[in-house]
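Notes follow the structure.
All chains are identified by letter, namely A, B and C, in their written order; residue positions are counted from 1 within each chain.
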Amino acid sequence: MTTTITASAERAAHRETGLQQQRARAAFWFLAPMLLMLFFVAAWPLFRSIMYSFTDATSDTIFNGQSEWVGFENYLTWRVRDNGEIRWRGVLADADWWNAVWNTVRFSFISVALETVLGLLVALVLNSEFRGRGLVRAAILIPWAIPTIVSARMWGWMLNDQFGIINSMLLSVGLIDAPIAWTARPDTAMIAVLIVDVWKTTPFMALLMLAGLQMIPRDMYESARIDGIHPLKVFFRVTLPLLRPALMVAVIFRLLDALRIFDLIYVLTPRSEGTVTMSVLSYLNLQQFGDYGEGSAQSTLLFAIIAIFVALYIWLGRVDLSGERS
Amino acid sequence: MNHKLKAIALRSSALATLAALAASGALAQGVQVTVVSGAVGAAVANFDALVKPWEDRTGNDAVLVPMPASTTDQFGQYRLWLAAQNSDIDLYQTDVIWAPQLAEHFVDMTEAATQAGLIEQNFPSIIESQTVEGKLVAIPIFTDAPALYYRTDLLEKHGAEVPTTWAELTETAQKIQDAERAEGNSEIWGFVWQGNAYEGLTCDALEWIKSNGGGQIVEPDGTISVNNEQAAAALEMARGWVGTISPEGVLAYQEEEARGLWQTGNAVFMRNWPYAYLLGNGDDSAVKGKFDVAPLPMGSGEGAQSAATLGGWNMAVSKYSQHQEAAMDLALYLGSAEAQKQRSLNEGNLPTLPALYEDPEVLEANPYFARWPEVFQQAVPRPSAPTQGDYNETSTLFFTAVHSVISGEEDAADALDDLEADLEDLLED
Amino acid sequence: MAGSSIFWNVMFYVGVVLIVLIAVFPFYYALLSSFETGTQLFIPNFLPQSFDTANYTSVLSGRAFGRSILNSVFVASVTVVAALFLAVTASYALARVRFRGRGLLLMTILGVSMFPQIAVLSGLFELINWLGLYNTPWSLILSYTIFTLPFTVWVLTTFMRDLPVEIEEAAIVDGATPWIIISRVFLPLLWPALVTTGLLAFIGAWNEFLFALTFTVDETRRTVPVAIALLSGASAQEIPWGPIMAASVIVTVPLIVLVLIFQRKIVAGLTAGGVKG
């Protein structure tokens, strides 16, 4: 920590050295409490989780240290059966796991894409001047404010095939002629999850992007308007580029949450192959089966997958992480 | 009468002990026993009154820590506490399938229960469900078993008998459904049950398979028996219901969705737990006074018999408790006829003691209890005793396989074949 | 020209109404259901059919529900204030001071939020027991920093980086210390970002369930989501729809009030501070 700061301070060299040093010192003291706090809270749990994934820990042995080191067995191992056949086992050889990976990734991409577009639209609407926008802004936040365990059940109720209000709405408008068993069928269960997730998390996106829009200086628009530039052009040339940092950070945190999605799927849909995600499998192993070895291996893999996706996103999206370009 | 006398005798003896304790100054030594339990209905509010006699008698103090009613939330939490050897909690109220999974953290109560006479007073199948390798790990305090709900008015109208086999049920349900729909009752369905992929499907499917002579997934001696033709036939039968006599949505139904259809008058038959009886007879219910219950139907073939999956709750004493003796005493009290009767009167819980089903007071408060001893004769436990710590995974593998069959994704024979291999991997490690 | 502008105006308001309808409809449905009891809950309806406040009285007269709201207010407020305080200073360093390894540091901070919640549960449980915080609100405040801190740090860093260099330089020339720069110069400009992240973090802490269930035991220490989960029907199978809906309405109202209070700040921003300085 200190070394990097002093190292970069050295770079600054001559005349501004005193000022740079003062800033670097301040930076260190400003960063230290946050980093200490985070390290203090997160280091041990994260270390334990990764460590369990290399042991045969169960819920009975996690706290008494009686679990044994098994290397990569939870991830991948094989045994040769009597007839010479090789049987692969472990999370990486588990078809259910890869099915869950595919479900999660598919869900995350579609939901984050939809939420970004809709969130941006909503943010643009909220950013304009109109009567009662305070109330609208509060109303928008409601989906995000209702606890997921409640809203997931509520939607399950509303999506019910026989007494659900969504079906009776669609029937009365004539969009469908027979009620749809949304959550029951594998093909519609994922759609149901997407509908609810988009409903629930678009406000999150919208609010962050609204904050981004609010940070764009008004005079930028003024001068554009005076120059008579078409609003669409203003949007693509001025608004979007300036909004990009806010958009990027919103997408990253949505992506993080989407890839870890658990309670919505767990509550809303049957635990069938169509919707099971990585977090659901990990939850089942850790909380319901007490299999900490396998559950932690799945969590660690999920961590790795998320890290790869975020890194890819930052790289492909040319996110200015270190702030060197500004 | 007899009971009243006993109660009076108890009270006076309690007073005597109290007096004696007070005299010797030992009252202050009463310990505090902490009980965790899912907060269901009035159980939390009634707890103080329920344990009052025990507190008076022993000078101890019983404190209830309520937990969410969701069983998965409770189970995860209890497992963590026990793993951490938490000594704050003395008594755990456990679901029928938990104590065997957590057996090594609980005190053996065989001797205490035998002495208190509870072993011979209980339904044998309930005691069996709480016995792991000869050790009684929890004391039953109330029980639960599903039944077949049927609409008396509709059966009468269409001249049908109460079905005793699944084939009859399928036929009757179809007949009435068709006839009612022809009359314009477009929302009616023949049969509703729990088809969501969750623990409840394990219960439903165990009943189909067991009643069809297909065994009980994993037998008490540990043999994996699920891969057989009769089991496959039972699942194929259930698959045939989806979209014909049961709505397609049944594949996502739990208990409450089934009750929703039933209670709005849109189902001829329903498989559900006793709780739906009282609610179905509520003043606002469309089926009030129009239905009755019977044991679930049976299948065909060798060994076919009606089967009802055993539910219910028990009290287990933590090994890490500082007050094991007091906790055991409280567990025995909560499992006794005295406390079980209070529970039936106040909360409508089904007792685990056959004698209480003949108690006039209990029957007066819950007239429908009279139907249930018959159901308990056919009660079948889920295989949590032979699979122990692997039960949840066994059950998950099982209901996932069943769900893939009834939703038409997989053939029953193939699914059961795969399931057998998975269970071997899991249990024969 | 005038015609088309009226058309777009109408379209705009149609859009607003549509957004509000979609966002609010499930809540409206919850509100309807919260006044219904028994079999009525199973019958879909669009307009109020009954006005039975039984669910509300049963929730509010229930054991410690009011207390759990206070607990949630306390836990979420302290969590957010602490997170914002730590994050504002840290993000100043991360956004405005050049030093090597900033990108790596940001990624590491983000990495903390990449594990599923359930995976860190047992480790946190140990930590909290070891600190003796079990069954106290501090156990929740501590564990919530795992997800609030990375979020607030990242968002504020992003927003702070976008503030023009000229303002800061002007302040430096005037001899302002970094702390003065943060508190006097940047904070007023950052209001929209601060309020937004604060609000989102607040909701996150308000709605958290798993940690709250695991780290508190006493009814008087429970937070709102756990209190809702503690509502029950007469039997284990029955889901008490009416009371759950009533409770959800009750706990959503404070959040709406919060938004209404702070919403002026969400849009204050640069117009108030004046970028040109």
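Here is the rule we use: contacts are C-beta pairs under 8 Å (C-beta built on N, C-alpha and C of every residue); 3 or more make two chains touch, one makes a residue touch a chain.
As the structure is a computational prediction, the values presented were derived from the model and not from experiment.
In terms of which chains touch, the assembly is arranged so that all chains touch all other chains. Between A-C and B-C, more contacting C-beta pairs join the chains of A-C. Measuring from the averaged C-alpha position of chain B to that of chain C gives a distance of 39 Å. Annotation: 16 Å between the Cα-based centres of chain A and chain C. Under the contact definition stated at the top, the residues of chain A that touch 2 or more other chains are 62-63, 163, 287.
Residue positions of chain B touching 2 or more other chains: 80, 83-84, 260-261, 264.
Contacts with at least two other chains are made by residues 42-43, 121-122, 126, 229, 239 of chain C.
By the touch rule above, chain C contacts chain B in their complex via residues 37-43, 63, 121-122, 125-126, 129, 213-214, 217-219, 226, 229-239. Across the interface of their complex, chain C is touched by residues 38-42, 44-45, 65-71, 73, 77, 80, 83-84, 88, 144, 255-256, 259-261, 263-264, 272-276, 278-279, 282-286, 311, 313, 347-348 of chain B. Every residue of chain A that touches chain B in the complex is listed here, in rising order: 58-64, 89, 156, 160-163, 179, 181-186, 189, 269-273, 284, 287-291. Residue ranges of chain A in contact with chain C, taken from their complex: 4-5, 7-9, 12, 19, 22-24, 26-28, 30-31, 33-35, 37-38, 41-42, 44-49, 62-63, 121-122, 125, 127-128, 130, 134-151, 153-155, 157-158, 163-165, 168, 199, 203-204, 207-208, 210-212, 214-219, 242, 245-246, 248-249, 252-253, 256, 260, 262-263, 278-279, 282-283, 286-287, 292, 295-296, 299-300, 302-303, 306-307, 310-311, 320-324, 326. Of all residues in chain C, only 12-13, 15-16, 19-20, 22-24, 26-27, 29-30, 42-46, 86-87, 89-90, 92-95, 97-103, 105-107, 109-124, 126-127, 142-143, 145-146, 149-151, 153-155, 158-159, 161-162, 172, 177-179, 189, 192-193, 195-197, 199-200, 203, 206-207, 209, 224-225, 228-229, 239, 241, 244-245, 248, 251-252, 255-256, 259-260, 263-264, 266-271, 275-276 touch chain A in the complex they form.
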